[in-house]
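Chain naming follows the written order as A, B, C and D, and within any one chain the residues start at number 1.
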Amino acid sequence: MNAIDALDNQIIRFHGVTKHFGETYALRDLTFEVRKNDFLFITGPSGAGKSTLIKLLYMGERMSDGYAIIDGMNLARIGRRQIPQLRRKIGVIFQDFKLIANRTVFQNVALVMEVAGFKSRSVIRQRVEDLLELVGLPHQADAYPPTLSGGEKQRAAVARAMVGKPRIILADEPTASLDPDASERVLQLLRAAHARGATVLITTHDTRLLSRFDARVIYLESGRRVDGPAAAENVND
Amino acid sequence: MIDVCRRALSDFYRHRYLHGVCLFTIALSVFIISAFALFFINAGELMGAWQQGIRITAYLKPDVTKKQAAELATDIEQYAGVASVSYVSGKEGLAWLKEQLGAGSSLLSDLKENPLPDALEIHPAKNMAAMAGADRLAGKIAGFAEVSDVEYAREWMQRFYGIYNLFKVTAFVMAGLVFVAILFIVANTIRLILYSRREEIEITRIIGADEAFIKHPLYLEALMLGSFGGVAGLAMLYGAFFSLMPKLSPEGLLPFFQVRFLPLELVLAILISSMFVGWLGCYFSIRRFLRV
Amino acid sequence: MIDVCRRALSDFYRHRYLHGVCLFTIALSVFIISAFALFFINAGELMGAWQQGIRITAYLKPDVTKKQAAELATDIEQYAGVASVSYVSGKEGLAWLKEQLGAGSSLLSDLKENPLPDALEIHPAKNMAAMAGADRLAGKIAGFAEVSDVEYAREWMQRFYGIYNLFKVTAFVMAGLVFVAILFIVANTIRLILYSRREEIEITRIIGADEAFIKHPLYLEALMLGSFGGVAGLAMLYGAFFSLMPKLSPEGLLPFFQVRFLPLELVLAILISSMFVGWLGCYFSIRRFLRV
Amino acid sequence: MNAIDALDNQIIRFHGVTKHFGETYALRDLTFEVRKNDFLFITGPSGAGKSTLIKLLYMGERMSDGYAIIDGMNLARIGRRQIPQLRRKIGVIFQDFKLIANRTVFQNVALVMEVAGFKSRSVIRQRVEDLLELVGLPHQADAYPPTLSGGEKQRAAVARAMVGKPRIILADEPTASLDPDASERVLQLLRAAHARGATVLITTHDTRLLSRFDARVIYLESGRRVDGPAAAENVND
């Protein structure tokens, strides 16, 4: 593969990205690429910077240094008006779910489609119901997030991230609150999206997940990328 | 657009507690402002009604005929600040004077002949602003060749206009200050509502909503709050007015004056201002919550 | 107690945005209320000052000596609603009458002898409430054996008192309504603040805090908001008053009247009410957030 | 052990407890006992009622039916004024952390001690700092919860639950957001509390936790208690 092909194929490209909050460095000099339709894990201990990396990707935070390109958009130079466009390409499963408390599960999930410009109520209803079925929450469609169990919230978050059929899925600990059954379901969904052509990026500290997949893994420690083996030691002890 | 309305309405329902509290505050604010307006308008009218008792008397020279007097009256009636002019013969004048003096009138009974000349009685207009220059008016009238002398309750009128002016100016200043205060109160309330909703707004942005998607329903809600609040506030005033008014003016307290509710144009102006204030409150607060 | 204060203060800082907005609203509310008070108090004083021109004249019988008149004056002075009584001889009375009639006074120059009897001039008290019964007062005075006749500007006074009464009653009603409206506005604002803080309150309860632990700092904060807001509102009024006053009364507009700021007792009363309203707002809202 | 001894020893006793939210039954006819100084796991799939059980214990919700006794207090008949007393005996690690957003980690943890009536600032400071050290958050003492990583929030929640040295610790998925290292630390803390005499009740869907401990396990499914083996099948697939 020549250099131009490589560039063409890259959907995410981080180069020397640093993010600090005051004195705290969440990410330091991080460089990596993700090719289109990649299935990638990011792992590392608590506080390593995994969620911060995801935040930079959906522009929840701006990077302090370095440059990053996502699907042709340069995050360092993107304008305020373009941020929504970027975000609509990305489906994010947030670690803390970020469900809107006074909208039902259905309304939370449907909101993504409304934001994306879908007008037909019936199209939205159909797709949202399908997804709630897939994550195993068909009966909770009209429940409000504060009344859901931890695992149900997480599955609602998964449904919301997938409903817009995004080209990029960022999943921040998507199975942390789930029992093995439900985890399996969610992973199948992510794999299905991957099969459909989406690029999937999953952060996790669940070592079983890593061992079950033959996927690329990026190891982070204190905001720095570390080599696989060294980190593996860390993870498997 | 239909979409925005639909979302605004469901937001309205979703946040019924917040919006209820806000609506109540706006209603109370409109109530205060319109109660003010009601008071000042009626007070102004009252003073206008009261000054009917005030008149400028222009004594005519003895050789002025009734016809000349009538012509002069027509001229004077054109003047700014003059409501009407009436002709009073010397005889009528004496009768009036006797009546005014009451018990003291006995001192006039010794008069062999009526020393009072014929006169024009000039009633100032209700429009007091023009009357502030009563002195000037009197001076002008004195300038006519037919007029021998001009007389009016100078001291009383000065006091009256002094009060009236002070009243008017302070009323305007007060109304302005209260309006600004109310504007800030409504803006503050909307600010608190958006503050309570900041997480929801933030999440909506994070899943890809652009500014318009977020802002339009919020503005619409603010307009709705403003208009519903305005209607509720005016309804409260209307209720208070018609339940308290009969008790306020027992018979005889003020027989010559009828207290009236706000004129329709003002009611409409208040409603529109209330919507505008809602919009403005939203405008001022929303920036804080749309920053990255 | 120290502990409660410490927690209230750190809460105050922690929620500086919310509390800032709330404080601003309370300040504006106090501003409105006290602007009202300022206006009505000065308007009342102004009317009081103005009525100085009104008097009741009691004409004495010809055989009443100066000494008897003086005794009578002392008696009348004791009456409710009487500010002062002065003796006016017939000569003085005639001079005054001539002055009042101005140009018309020529008709008095024919008089051979002064027909005016000696009289007592009764000035009503500034306290207008007592004067509403001017008729009654006049009737009483007429009852004295020494008095031949009583005279006063009945029509004028009736109108004046009509206005004054209407003004007073509506002022009270308005002040009451506005006060209630302001009370609700402040309560609403505190309600919104507690609403924003409901999660924090809920978590504190869940980790074992009893009602007192939660309520006491909240009440203290409400009192602080009330008092700081009150001070700020009064300061705003004071600032507005002293920056606008010179412009409001240009020389000659109202030379006989000095507009004054609120009396100290009222300032204190407003501050205490403001604290009380803060407390009350907290009291009404807190129940909702302390339910299980 | 005779019946009276058994009663004396019981710190938690549920009998026929049912909890429903409208039509949804979160717990049905649940009966179990916990002895003093027990170390107990509650497990089951997502939505089984684990968190609801914990909510009933700290009286975050009132049960719909049945009766429960905790440390001598009858939850069905407890008055409003006694609830705080009950809660101060219990340290809860909430599944959603329930940290106060505008208090620092230090203040969040210290609040438990203030609520419990500790007056001395220095005593509070000492104990809170010790605990933050133990959970591995010494540098985040002055951070606000929204700026913490998922794992850091969870550890802050752990510190808060333990700071009052409660007699009963209810841990709702205490290691869900943690990497293996940090999980180990938290479990050591819970074991240390157990060694000190506390009764510890942990909900989890982490099957590795169950297999590593030789502790009693209660299995829940759709709000019902089910037998170990049947559930074990479920968990280990």
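Just so we're on the same page, a residue touches a chain if its C-beta (ideal position, glycine included) is under 8 Å from a C-beta of that chain, and two chains touch if they have at least 3 such contacts.
Because the structure is a prediction, the values reported are computed rather than measured.
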Would you pick out the chains that touch subunit B and also touch subunit C?
-> none
Let me have the rounded angstrom distance from the C-alpha centre of subunit B over to the C-alpha centre of subunit D, please.
-> 67
Taking each chain's centre as the mean of its CA atoms, subunit A sits from subunit B at a distance in Å of 62
Residues in subunit B with touches to at least two other chains are numbered none
If each protein chain is taken as a node and each touching pair as an edge, is the resulting graph a line, ring, star, complete or other?
-> ring
Pairs of chains found to touch, sorted by chain label = A-B, A-D, B-C, C-D
Would you pull the subunit C residues touching subunit D in the complex into a rising list?
-> 3, 7, 14-15, 199-200, 203-210, 213, 292
Residue set of subunit A touching subunit B in the complex reads 58, 60, 62, 80-81, 83-85, 87-88, 90, 92, 98-103, 111-112, 114-116, 119, 160, 164
Can you list the subunit A residues touching subunit D in their complex?
-> 21, 44-47, 50-52, 95-96, 147, 149-152, 155, 172-173, 176-182, 205, 207, 234-235, 237
Given the complex with subunit C, which residues does subunit B contribute to the contact?
-> 17-18, 21-22, 24-25, 28-29, 31-32, 35-36, 39, 42-43, 46-47, 50, 53, 59, 97, 101-104, 106-108, 110-112, 114-116, 148-151, 155-156, 159, 162-163, 165-167, 169-170, 173-174, 177-178, 181-182, 184-185, 188-189, 191-193, 195-196, 240, 244, 248-249, 253-257, 259
